Amino acid sequence: MTPFVPGMDDQEFLRDKAVPMTKKEIRILTLTAARIDENAVICDIGAGTGSLSIEAALLAKNGHVFAIEKNPTALPLINANAAKFGVKNLTIIPATAPYGIADLPDLTAAFVGGSGGNLSLIIEALANRLKVGGRIVVTAITPQTVAACLADMKRRDNFRYEAVVVQVSRLRRVGSLDLPAAQNPITIITGEKV
Amino acid sequence: MTPFVPGMDDQEFLRDKAVPMTKKEIRILTLTAARIDENAVICDIGAGTGSLSIEAALLAKNGHVFAIEKNPTALPLINANAAKFGVKNLTIIPATAPYGIADLPDLTAAFVGGSGGNLSLIIEALANRLKVGGRIVVTAITPQTVAACLADMKRRDNFRYEAVVVQVSRLRRVGSLDLPAAQNPITIITGEKV
Amino acid sequence: MTPFVPGMDDQEFLRDKAVPMTKKEIRILTLTAARIDENAVICDIGAGTGSLSIEAALLAKNGHVFAIEKNPTALPLINANAAKFGVKNLTIIPATAPYGIADLPDLTAAFVGGSGGNLSLIIEALANRLKVGGRIVVTAITPQTVAACLADMKRRDNFRYEAVVVQVSRLRRVGSLDLPAAQNPITIITGEKV
Amino acid sequence: MTPFVPGMDDQEFLRDKAVPMTKKEIRILTLTAARIDENAVICDIGAGTGSLSIEAALLAKNGHVFAIEKNPTALPLINANAAKFGVKNLTIIPATAPYGIADLPDLTAAFVGGSGGNLSLIIEALANRLKVGGRIVVTAITPQTVAACLADMKRRDNFRYEAVVVQVSRLRRVGSLDLPAAQNPITIITGEKV
């Protein structure tokens, strides 16, 4: 069987208006930033629809993904999407992070898509569970989250980080024209434990 | 051995000021748009430093990449980068596309990074060599190339396409601050033969 | 009385869901690109809500603005907005451009916000009415309009042009955070008759 | 004489590689955000080449601009640019802000383009000198400055603010093509004293 390559289309996932979903291009860049291998053990904070968790689980086919999500509306969506793609190496943890992180096994990667104001506590908890060489990838929308995450990374002697701001506009065909639909600029911050 | 996941850092490649290189995030999005599997047969038009060809060759470990490049300065760079990463399934074709395309075996994917004004002829030649289900991914910088590529895709009954404009700014740490360095907006157009 | 400086807030204008409005920052850059003075004679093609026409009329207080608009829903909006800001030097022409342009007096500036596929005919008609030193400012959303406008400008010996792509995200306060809302990238092309 | 409208081309200003200059589109949006009238009294912190100060002085023809700049290389540039445009209502204050602000007359507008880490002290000093209805416009490049400025604005009961992120790419003609050159995304934060 050929290995999974990230990049499923957004419409392949079951969605709900009340549950935000990381869009395709940002999901790809987030996944590849984590350098996931087949045995990866991954935590996804703020899993939403589960799109990122599911692509991560498909990449880590001999590993495992722990999806932490506090929104009750999202939980059945993650389950349904996992079932749709035949993903079995995914455990959903209905909790508000950082709760749930301390009990996880050693991690090789973590995603933080929603922090609910607990970003520093979440990164601290993840950093404690992360193996050396492991990576935390934060996708931040607001300037406050971007600045807080960068400050947190700078404080850590055993982390090095890189960051990019990515703004995507998808073109949609309308007759002979192609109309852009701008998506919000997202800052992707990747910290590696050294 | 764990399968390759795209996303090498730009500085891992040998470079030359006279040879443009697709930057990391655009390279990742271009590679994943092509949906390359282990047996992929790929053509990379305007290979430049070979960064895209090499990541493609690592993904298609049982397949092959044909890198067409007209710039003589670039050819030894592609070779040196292939050697650096132990890539053996890569053939360099020193030519100005569309020359060289007609002689290729059936393709499952193609990249067009530089067209030198021959975009329509190149897409026509690639479309003829492409298997059904195969994908052509064009990365366009100028409005002229974007419009020409979209017009070409619209004309083809046996192609469906999608397109995104991506603008990346990389943050660089300067003391306690992080300074953005904006990269040019790139339009990635993916056509699938149906 | 102090002269008018462009930059009214979007919410100061009466709007309608069926009538698109150029957003504040793009409106400012479009207006200033036209180098309007107090005596300017201006044509605004695709006037929409009239926001651009009205700010132009306030700048050209001893001049005149001709707003050409084909959408019947927009016409009373332009009138109502003109009344709201006490603008009297504005004439609405209910027509599909280029109809209506040939009958205008000599112009010092023109805006093209919507072309309905007649871009080349519109620019030709405007170029014929434009005084030497006058400016045509096109705001283009689709790659097709951008490329067509640039091609048109290149063809004209007596025009020089400049162009910028502008992407704006407005931040909206939500508690202690500020959430961006991305607007579509707009290309502003300014041609000056020399 | 017709009133000045902002929007001079970048190349009209004398420049120096060691002195950063706010680019045209950002300068226009910054100037218009300040709602400067003919009698405005303005402080420009981190004046650089003086491009913003000079356009502000031309708008405030019966008012005055105080340009505070700590970089000795920049001071003769500001002087030379003021002379070039016949600007006489501009006073250069060679100082590191917030020094110099407390001694200014009542202000109707202020620009902060460079803060050298003193952003909060600078905004505090400006807020003390600012008349009710006056505006402080901060152009921020780094996430740290954006977040610090937004936090500062939120703390002030007598200020309301708005903010936009603006990313500009200028197109440059190369034969039949137009090549974009991306400029850094800038966040423009405008606080009004109420």
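To keep things simple, chains are lettered A, B, C and D as they appear, and every chain counts its residues starting from 1.
Definition applied: contacts are C-beta pairs under 8 Å (C-beta built on N, C-alpha and C of every residue); 3 or more make two chains touch, one makes a residue touch a chain.
Keep in mind the model is a prediction, meaning the values are calculated, not measured.
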{"item": "Most remote chain, CA-based centroid, reference being subunit D", "value": "B"}
{"item": "Euclidean distance of C-alpha centroids - subunit C vs subunit D, Å", "value": "26"}
{"item": "Distance between chain centroids, defined by C-alpha means - subunit B, subunit D (Å)", "value": "42"}
{"item": "For subunit D, residues that touch 2 or more chains besides their own", "value": "143-144, 150, 165, 167, 169, 171, 176, 178, 180, 185, 187"}
{"item": "Graph class of chain-chain contacts, one of line, ring, star, complete, other", "value": "complete"}
{"item": "Residue ranges of subunit C in contact with subunit B within the complex", "value": "143-144, 146-148, 150-151, 165, 167, 185, 187"}
{"item": "Residues of subunit B defined as touching subunit A within the complex", "value": "2-3, 5-7, 25, 28-29, 32-33, 35-39, 59, 150, 154, 162-171, 173, 176, 178, 180, 187"}
{"item": "In the complex, subunit B residues that touch subunit D", "value": "117, 141-145, 167, 169, 171, 176-185"}
